[in-house]
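Once you scroll down, you'll see the structures, which are given as structure tokens.
One chain, subunit A, links the two complexes that follow: it is found with subunit B in the first and with subunit C in the second.
This part shows the complex of A and B:
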């Protein structure tokens, strides 16, 4: 069992964070320049989220399995969670297939500097939105059942 | 300090000998197939190299089922498809590529389609998408720079969408890399210098990068020492077999190093300059390398200080800062020697870059994928003065 017990909780936490990034110009403006459509496929629990930077505004769409994505990133929910803390070594994750990336890799790498500010934002977002139990930068206490 | 994690994987067998490219029977016997499709370009063909290698294959009991000699500068997507189709219909069991980075990368990508079928972009874009070994691939490099004969990446240019596609996959590592100085003897001085500076940049950036490991460091240091001792000689006297051989070995060692620990801002600036102003990759790397080392100085000075003696500098009695600066000076000294041979430009202004284009280079470098692997966080405003100095 991963850190997130239900797909609903995972969606609440991650989609909420993606929407916060969409409203943060220092991140969103650079992502919009990429014109990428990225589908995140999470496992344990399962969730699909599309982040669409092809329009005027960053659009975050959970459960979108129809849109043809340019990039598909597949990983466990726990790896995704750790990624947004800046705790995932990307080379390690890709070579050990903890993350599977399909699509134009240079374009994905180009996005990484743009999302760097999000690593500092994520723990603050968790604390500010009642998700403090998921903040692994402080002593981790498993969420109550 | 040891890295938290690293992986080292390089199953490519490397053989080195003057003349070995025409005498590969023991190595080919171990690979076990008999039918090879040759991938190369017209220049290599015109120089008679392909015939020599093909004759050697036949003497080794193998058959050349066909050849694709139309690889252009920058491996192209359409070439990859054509090459794979020809290899398949020829009845080949494996590929032998003879050439520089474009030829080798074309052959690597063609081997995906040749072995697995499908569409390169739709089915194999991404990182490590292959699930099993491809057909055997033997590589004979004719330049000493890209190191592609020992790297797990193929970079292919999509002409239709005007973008470079990268295919990093451990199954792209060739089975055999054949380092034969005779295959680089005819490389002109300017190409020798530029490709050599490309190899040096691979080694230096891999050594100081955040993904470096003790193993990648060992390969980088070995490469740097060989390059510093031999690049000028190989450029000055192309028929110096020892210098040519040393550069081939160095290029492969640098390739092994950077395929594990990646490259940083020098490559980022070179990619941007190449894309905007068509400056050859090795030339741009050669111009930017000392400036990139200066940009990263505070983060990498400990490692630069260790590089200085490898580069032939005497650091006895010097502080870490002073020794580190000597490493940068050593690179400048090498570039100047190559420049004096009329083989390497030293400034962006000398290669057609306009002064009002420098900000675009900075922006391109920041947005390049390599910026993720640079030891210092890359900032456009902070990087620009170093590009201006390079102008």
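This part shows the complex of A and C:
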């Protein structure tokens, strides 16, 4: 059993965070330039989320299995969670197939600098939205402190 | 026996003697090839008089291919060079791709041993059996591109097949301490001043043309393996990224993990990274794909800057390390200027890592008032000043004014500049560290510390394995998970990366980029199918171990001691923020564990017993006397 006991909780946490990123211009504007449609396939628990950067706004669609994605990323929910803390060695995860990526991966890699600010946002987002139990940052300090 | 060409050339530039010695197959089995041959031959040549200057004629130079070089397989075009380094004073070597190694083998030679010093500028002409030392005065003073083009044109009627040129530029001739040797204008043996040694020997170039071919002992098995590897390569993310963007693909990954040193290792986070990343390179520089002999990956790229102050004609695009040293290290956001600096380094023949890192060091000296515009002849060496960075690169390449001081490398420049200049150094054993930060991956710190040639990410497979691009499922130490930001178990990891790495990228000689998807089973099978030997994993690990001790022993013989295994203060300074915040390698712990695993004494020298156990009796006797 991973960190997230149910798919509903995973969706609540991760989709909420993706929507926060979609509303954060410093991240969303750069992602939109890619025009990519990425489907994340999470396991343990299972969840599918499409992040669509092909339009004017970054669209986050859970349970979308119909849209033809340009990139498919598959991984466990725990790896995904750790990734947003900046705690996953991405090269290693991809090499060892802890993350499996299909599609034009070099285009996805080019998005990494754009999403870098999200690493600092994720623990703050968890704390601010009542998901503190999922904050695995050891030295997390609330912004108000 | 397959794979090998079957002869080694011995050329004495002092006497003009040229000797072709057959390659003994027992010797080949014991040493595999590459620096397995090179280090042993080098030791045999110097063991009776090991005390000499790197730029004296007593310093031999070895150039060796591996048993796979010249075959049409991804990632095996590599060849190696080795000698005492004029930059560090210790053992130096470099590993290079391109076409020269293949052509040398087609001419019938597995390697060349060069001794002595020519009376006047010379080049070596090789056309199958015909080997001559020829006058190179016509080419002396010419840059790498001119020399390559003119030699190729002048000699094309003398050989059945087109030849390949490997040469030095004006930097090597002028004994700039980090001069490189370059094949075909873009394949560079860059680190530790290999080209400087050629300059000291009055050796401008080697031209080789070969009309022969190589045999493979078990072609059917090799074909099957190549078929199997097609899928492995298709599924490899690393290969995908290399095909697309070349080595600069690492910029996008490195910036999120804190791997990229910024502002002379004072920052790990930089909002301007996109200005010099793969996207910017694609948009502003990209002018085509290039590759090495027999390799379909084509990780090399061409660049072109059509106009503006950094205009450059189509030529090699900067690699990751070059972008790193001339870009983030200097806070330089101008990718065209980085391409221009790279072009200058390639034409004059200097190592871009040492050059860029030395300029970053000089900028910090300037910004802190240790040097002024009077010293730099009016160049404002400030952070992010692209024009100044390019101008200083040219001054170094020409050994002109303040550039002449920096042409000694940053460690020697710091001694001349004085005050607290050494605080800004990023060198280990006098070699500037590459663009991978050990504060994010502590094992890199140990790898830089104990590398025989100084701070280097390619001296073993540690960067590939700890960094995550390569894993070897057959060897537990090279496939397990390690705690991030920890120094635990890094000594064991480094030992395994050295032993397997010596087989892989020093002896066989696999490419650390194009061969990353290979498991040990793949790699050993390939060598066995080609050579007809029946190496086992244990055997190649033992060979790798011996080669590593030999490199380390040579460095010890040239004076390196435990104090030289330490990281500079700058690399051991905690970052206040960013991905590596608060993390520094625990060098005391890692070195202590490593010394025990490698049976080093307190001076950092391998014990007589361990050297004898691995079959290095001569080295044991030599080191017992120091």
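Methods note: the second predicted complex is superposed on the first by the 137 of 145 C-alpha atoms of A that agree within 3 Å, B and C clash if a C-alpha of one lies under 4 Å from a C-alpha of the other, contacts with A are read in each partner's own complex, and residues count from 1 in each chain.
As a working rule, contacts are C-beta pairs under 8 Å (C-beta built on N, C-alpha and C of every residue); 3 or more make two chains touch, one makes a residue touch a chain.
Keep in mind it's a predicted model, so treat the numbers as computed, not measured.
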Quick one: on subunit A, after the overlay, do subunit B and subunit C clash, or do they fit? Just give me the call. clash
Contacts of A:91 with subunit B and subunit C, given as first, second, both or neither: both
Would you sort A:119 into first (subunit B), second (subunit C), both or neither based on which partner it touches? second
Let me test your reading of the model: by the given contact rule, A:103 touches which partner, first (subunit B), second (subunit C), both or neither? first
After superposition on chain A, the subunit A residues reached by both subunit B and subunit C are 89-92, 94-96, 101, 105-106, 109-110, 112-113, 116
Sites on subunit A touched by subunit B in the complex: 72, 89-92, 94-97, 100-110, 112-113, 116
Note which residues of subunit B are touching subunit A in the complex, please. 4-5, 7, 125-129, 163-166, 168, 170, 211, 262, 366-372, 377-378
Write out the stretch or stretches of subunit C touching subunit A in their complex. 236-238, 240-241, 243-245, 249, 252-253, 255-257, 269, 273-274, 277-279, 467-471, 484, 516, 579
Residues of subunit A touching subunit C in their complex? 86-87, 89-96, 101, 105-106, 109-116, 119
